[in-house]
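Quick one: the structure is below, and I'll ask about it shortly.
Going in written order, the chains are labelled A, B, C, D, E and F, and every chain counts its residues from 1.
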Amino acid sequence: MGVKKSDIVLLDDKGLRCDGRKIDQPRRIMIKAGVLKNANGSAYIEFGENKILAGVFGPRDVHPKHLANTDRGILRCRYHMQPFSVSERKNPAPSRREIEISKVIKEALEPAVMLENFPRTVVDIFIEILQADGGSRCAALDAAAVALADAGIPMRDMVSACAAGKVADTIVLDINNEEDQEGQADMPVAYMPNLEKITLIQLDGVLTPQEYEKCVNTAISGCKLVYEIQKKALRDKFFGDESQ
Amino acid sequence: MGVKKSDIVLLDDKGLRCDGRKIDQPRRIMIKAGVLKNANGSAYIEFGENKILAGVFGPRDVHPKHLANTDRGILRCRYHMQPFSVSERKNPAPSRREIEISKVIKEALEPAVMLENFPRTVVDIFIEILQADGGSRCAALDAAAVALADAGIPMRDMVSACAAGKVADTIVLDINNEEDQEGQADMPVAYMPNLEKITLIQLDGVLTPQEYEKCVNTAISGCKLVYEIQKKALRDKFFGDESQ
Amino acid sequence: MGVKKSDIVLLDDKGLRCDGRKIDQPRRIMIKAGVLKNANGSAYIEFGENKILAGVFGPRDVHPKHLANTDRGILRCRYHMQPFSVSERKNPAPSRREIEISKVIKEALEPAVMLENFPRTVVDIFIEILQADGGSRCAALDAAAVALADAGIPMRDMVSACAAGKVADTIVLDINNEEDQEGQADMPVAYMPNLEKITLIQLDGVLTPQEYEKCVNTAISGCKLVYEIQKKALRDKFFGDESQ
Amino acid sequence: MNVSIIDQLKKKKILSLLKDGQRVDGRAFDEPRPLVVDTGVIPKAEGSARIRLGDTEVVTGVKIQPDKPFPDLGDRGIFICTAEILPLADPNAEPGPPNEDVIELARVVDRGIRESSMIDLTKLVLQKDKSVVGLFVDNSVTDYDGNLFDACSYASVASIMSCKIPKWEMVNDVPTLVDGQVSDPPITTIPVSVTMGKIGDYVIVDPNADEWSCMDARITITTNSNGNICAIQKGGDDGFTLEQLLKCSQISIATGAKIREILKKVSGS
Amino acid sequence: MNVSIIDQLKKKKILSLLKDGQRVDGRAFDEPRPLVVDTGVIPKAEGSARIRLGDTEVVTGVKIQPDKPFPDLGDRGIFICTAEILPLADPNAEPGPPNEDVIELARVVDRGIRESSMIDLTKLVLQKDKSVVGLFVDNSVTDYDGNLFDACSYASVASIMSCKIPKWEMVNDVPTLVDGQVSDPPITTIPVSVTMGKIGDYVIVDPNADEWSCMDARITITTNSNGNICAIQKGGDDGFTLEQLLKCSQISIATGAKIREILKKVSGS
Amino acid sequence: MNVSIIDQLKKKKILSLLKDGQRVDGRAFDEPRPLVVDTGVIPKAEGSARIRLGDTEVVTGVKIQPDKPFPDLGDRGIFICTAEILPLADPNAEPGPPNEDVIELARVVDRGIRESSMIDLTKLVLQKDKSVVGLFVDNSVTDYDGNLFDACSYASVASIMSCKIPKWEMVNDVPTLVDGQVSDPPITTIPVSVTMGKIGDYVIVDPNADEWSCMDARITITTNSNGNICAIQKGGDDGFTLEQLLKCSQISIATGAKIREILKKVSGS
């Protein structure tokens, strides 16, 4: 956090952020379920400037077989960025960052998936970042959770993710790219809204204990907003888009 | 095609090409069958400045086993260039170009091989480019087909390959290296001379529809010349070299 | 050998070497057996400035299974340098040099291990160079042999290794780093002291036939010195360190 | 590698329909599927397109950056075209390094554009032998229903036609971005590939996934705006007769002309 | 991937002990294992440490070399931290490229140090945009008994605190070593990570290998010398309640303070 | 990894012959197979050779190009020697990255030439510390019948002896080819490796494939034109007595002298 210092005003005297948002206001979020033909479940999300596609296959046979678990299904996840998704063209081979994010997303979704219902099988989640912006791991998680539900995978709760952070000494909801570069802290959080459990939390940047508590609470409030949009996406898919 | 322009005269006023050939004349071609001790079948070809070795193993067991086909044998092919085969030393790891050429050569040979006769097995073709010149994929194919026959693999026809192309606005047979660099089009073709089927055709460079038809016919006439040399190589191997 | 020439005096007029040793004197050698908790057997050696850890697992099941041998156990060995073990940080991926040294160490130990006693299994030897100095392959071998014994692997003899070499036209015992860089020849040798067999010998540098014979004999005398230190390390482990 | 019984039955069905002059999805033999093209879908990329060819979907982005020229090609810019089948596009696709099919796909799409001289690369030189503009066209298949050759080719062409090239000036031998100034790409022709499959002795245009899985051979012929042929790739485990080859070239010219009109409309040219 | 019957029995045993307020090795829930730190163990490296946290052992070396700065970061030195589980550390470890667990380990250790701004990288510039000092901290696990996050973190911090930075001067644009002159590293704070495991609803500090193999989730919280939080990583296949998260942060501050005293003593600061 | 019954029977047969003083192919114990050397077989390479040692065949090419010197070795040219067993050489060879046997092969061949100082690398400097001439010697085994160490070594030496070094001049700090001017390589000695196998207690020179597959240990000793020893590599899973080692050195000197005459004739020196 805070490596480069520029002239940008992260919070103006009216309490507005560099993109005009209020401190507790998320960016524009749009989720559409069931966008792919071949995948068993899928979702597309636009979250700020993030554009992300998630596809789910399974439960299906595990290859190689020795990876299968006789007690419960296994979950696999790949978070992958397109070469054109960032300013400087990205090498398509998975980076260490992508491998780590794949792992934390998998572990954030696993508590919600009833893997005990389908032993010896695997559910594969493939996430493709078409365009990256700040908070892409939360947006990816939100799309992946909707894709799992779209695939009809039994789930004990939704998983909803949103970051909070510290900018100009203030705790704010949903850090964008500039705030991530210039701000003081970024804390992505994933939350099961009914079971009230945090399934992902990371932090880069320095917070006092008091700020830490406020930041977690702010992120959870964002997760609850996302949850409503996730539910709407699934309603629209299965019962038709009422707004149209 | 035609990326660099130099002073070279591709076709002079007597209708002769930069290496003194006529427009319908191939380069020197020499094929020798049965040149290796360990391979089940083998051939060595010199085609212009190309020097190429092909070796065949099989039909033999498939490893890993899950690649085997219960209905018919499978054919595998590796086209590989020696580090010293080109002007600038080549990295010995297979390039994307070599992988593509391996694939098109395999698909050009497959129609001729009676794979239905040996299910669950594999025939491996290994092609090593010792010295590369224009038209190496055609020369490699010619050697590989002779090596298959030398290995006693049942074949429904020979496969004979030769390129044609466009140079100085003229369709010519068997493009050499300079013509490939400076010319207008290069079209490698593989042909089954008795079944009269084209099993490989590629084109780099621009042709009118009329030129296209002429170019294919020119290439086929070259394939027929090659066919005679392939037959002689096999006769020499099995019945002795009559010219000696 | 002898690539760079500097001002260093490799042998002074009192017959002392650049580090003050006599021509038949090895560097300081300290071996400790049983230093790791998880490995079945282990040893730590300091040999000059070399600091090396060896760990042994097995006999245990072989993965993948097709590598197993129905007649006898197999031995595997990995010699690996830490990134911080040399002046210029080393890439942690195994180099071709490390792969070759792994192989010659395995082949130097194999004659001593009674592999016929445990068919279908594998013994794995892992050697980690924490700090590298001249003669690291001999020091690694010495530690690995003690680790095998510490693991209770049945052995028909110890294997003891030490180099000899040629420096300032003189055959000397146990080449150090400067002597390796500036000297004329380096000959690492491994020896089974009771069976009197040489199980590793390599040579870089030029020796006359007479020097060759003297060099081998000098190296064997060093191996015998090392053997006593190896025995002490195992005695100290199993019967307590009498010197304390 | 085993041809499953289901595949054999499928092929039988498709062949018997073809004998009656019909295709599984009701198209004529020389009729490609509907092509839908959206450009500018990835605003952060210098050019982009999402296309659907039937149910095959591809998202393509063009990144444009200064680069060193290739040795001996110091007087022209760089053009590189890749392709990847994303694992969410197909239950059988696997993440990881590309297999030979995907390598061939990328090379054929690249060659069709390169050999047509679509982009005048001599216009993309910042300083001869030192610094040139590079166009990196990455095709990502997001949904698979056969014929990726044409789908990736159309997506590449559409994203190139719609891209904007930033301006760089050499300052102290370093290419330096001139903010806010962009130009259209130097396009000389619009190459269109048309892929035909051979099932038995029937030749069909733009095979869908069912047709693709049971065809005996295929050929991709790329034509330019003049109706000339600029690239060919034959594939598959059977051959073509000379007559079939000539017929394929005619189909590719006629069908290519129709597709070219769709691509032209999209970019407003 | 199969949870063996032995593992299930082990978990049952551990859980029933936890219900009685006990851990398998007799520690209190918030009590880390004894930490033993030796520095300077690899004299050829510019900094080094061997630490034991219970029976987990790590050897860490710091190599310091001039390097080119990262693009856009020309005004700061380079800090890179890696981790490897040596195959002799654990019968289940395998030589070869790191798996996702080891990649996460290395990145979490790196981030804890980086985000705390422990090293003032602006002090490690030889010539802006041209040449900077790079610190490469390589952690090698030599014996495994759980909680590598904290073990590698403490070994990294100790080896950095004990390192000596050689002096380079720019001569003709080339960084040139000034023999015999070294300086202490520019350290601003001492980050300490504390990893807690959740088994059932019990939260325990510094899980050993038995506890690690059966925990439901874990969290690593890194604090700096001011007692502020500078990095968090949650892992494992279950979640935390908000209450648990807040409790974990308190534990990490209290336990971190004790560990920090041990690390301070070692380097004599 | 399983020693097949056929291999066991073969070894029994070979051993019983050796007891009678005979080898499977009728050679004397210290007799290498016939060596046939052709040079100049790859005209586009700067040097080349195809050699047959019995039925083992190797094709070797030397590419010569300007390159940057290795750090700290700015006053000498570059010499790199590789080896590959082509998959057509042996039904058991597999395409792909080299295994440990092939890595050892390449390194032993390289070392025999390097340690003999065969090529005076100080004569291959274009501009000290900036640009030197590099010799890349690539050995490709095309037919396998045992003892690749010597076969690749002889092919490397023959191709080096027959190579022509192009002339480069530094123009504006760039090495520039001077067309049509070549020189002989700066050769100081002719290293010859002799590989001996030990089967039971019998030592045989130049083992063929049958002997190779059942030998207990081997040793490769390289001698130079003065009859001195310049490189040794022991291999295999058994040891040598001191007496055997000394005998091997005598054999290598005597046999090496004969092979050296063959190599000298080939290049006309």
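Here, contacts are C-beta pairs under 8 Å (C-beta built on N, C-alpha and C of every residue); 3 or more make two chains touch, one makes a residue touch a chain.
Computed from a predicted structure; not experimentally measured.
J.: Which chain has its C-alpha centre farthest away from the C-alpha centre of subunit C?
T.: D
J.: Taking the mean of the CA coordinates per chain, how far is subunit D from subunit E in Å?
T.: Their C-alpha centroids are separated by 48 Å.
J.: So, what's the distance in Å between the C-alpha centres of subunit B and subunit A?
T.: 52
J.: Please compute the C-alpha centroid of subunit C, do the same for subunit E, then give the distance between them in whole Å.
T.: 32
J.: Averaged over CA atoms, how far is the centre of subunit C from the centre of subunit F? Could you give it in whole Å?
T.: Here the centre of subunit F sits 27 Å away from the centre of subunit C.
J.: Two or more other chains touching the same residue: where does that happen in subunit D?
T.: Residues of subunit D touching two or more partner chains: there are none.
J.: Among all residues of subunit C, which ones touch two or more of the remaining chains?
T.: none
J.: How is the touch graph of the chains shaped: line, ring, star, complete or other?
T.: Chain contacts: single closed ring, each chain with exactly two partners.
J.: If the ring is traversed from subunit B in the direction of subunit D, what sequence of chains comes out?
T.: Chains encountered around the ring, subunit B first and subunit D next: B, D, A, E, C, F.
J.: Residue numbers of subunit C touching subunit F in their complex, please.
T.: That would be residues 1, 3-4, 66-71, 74, 96-97, 99-100, 102-104, 107, 110-111, 187, 192, 195-209, 212-213, 216-217, 220 of subunit C.
J.: Write out the stretch or stretches of subunit B touching subunit F in their complex.
T.: Residues of subunit B touching subunit F: 36-39, 42, 49, 51, 53-55, 57, 60, 78, 80, 82-89, 92-94, 124, 126, 128, 130-132.
J.: Along subunit D, where are the residues that touch subunit B in the complex?
T.: For this pair, the touching residues of subunit D are 1-3, 72-73, 76, 100-101, 103-104, 106-107, 111, 115-117, 219, 224, 227-242, 245-246, 249-250, 253.
J.: Which of the residues in subunit F come into contact with subunit B in the complex?
T.: 41-45, 48, 55, 57, 59-63, 65, 82, 84, 86-91, 95, 97, 136, 138, 140, 142-145
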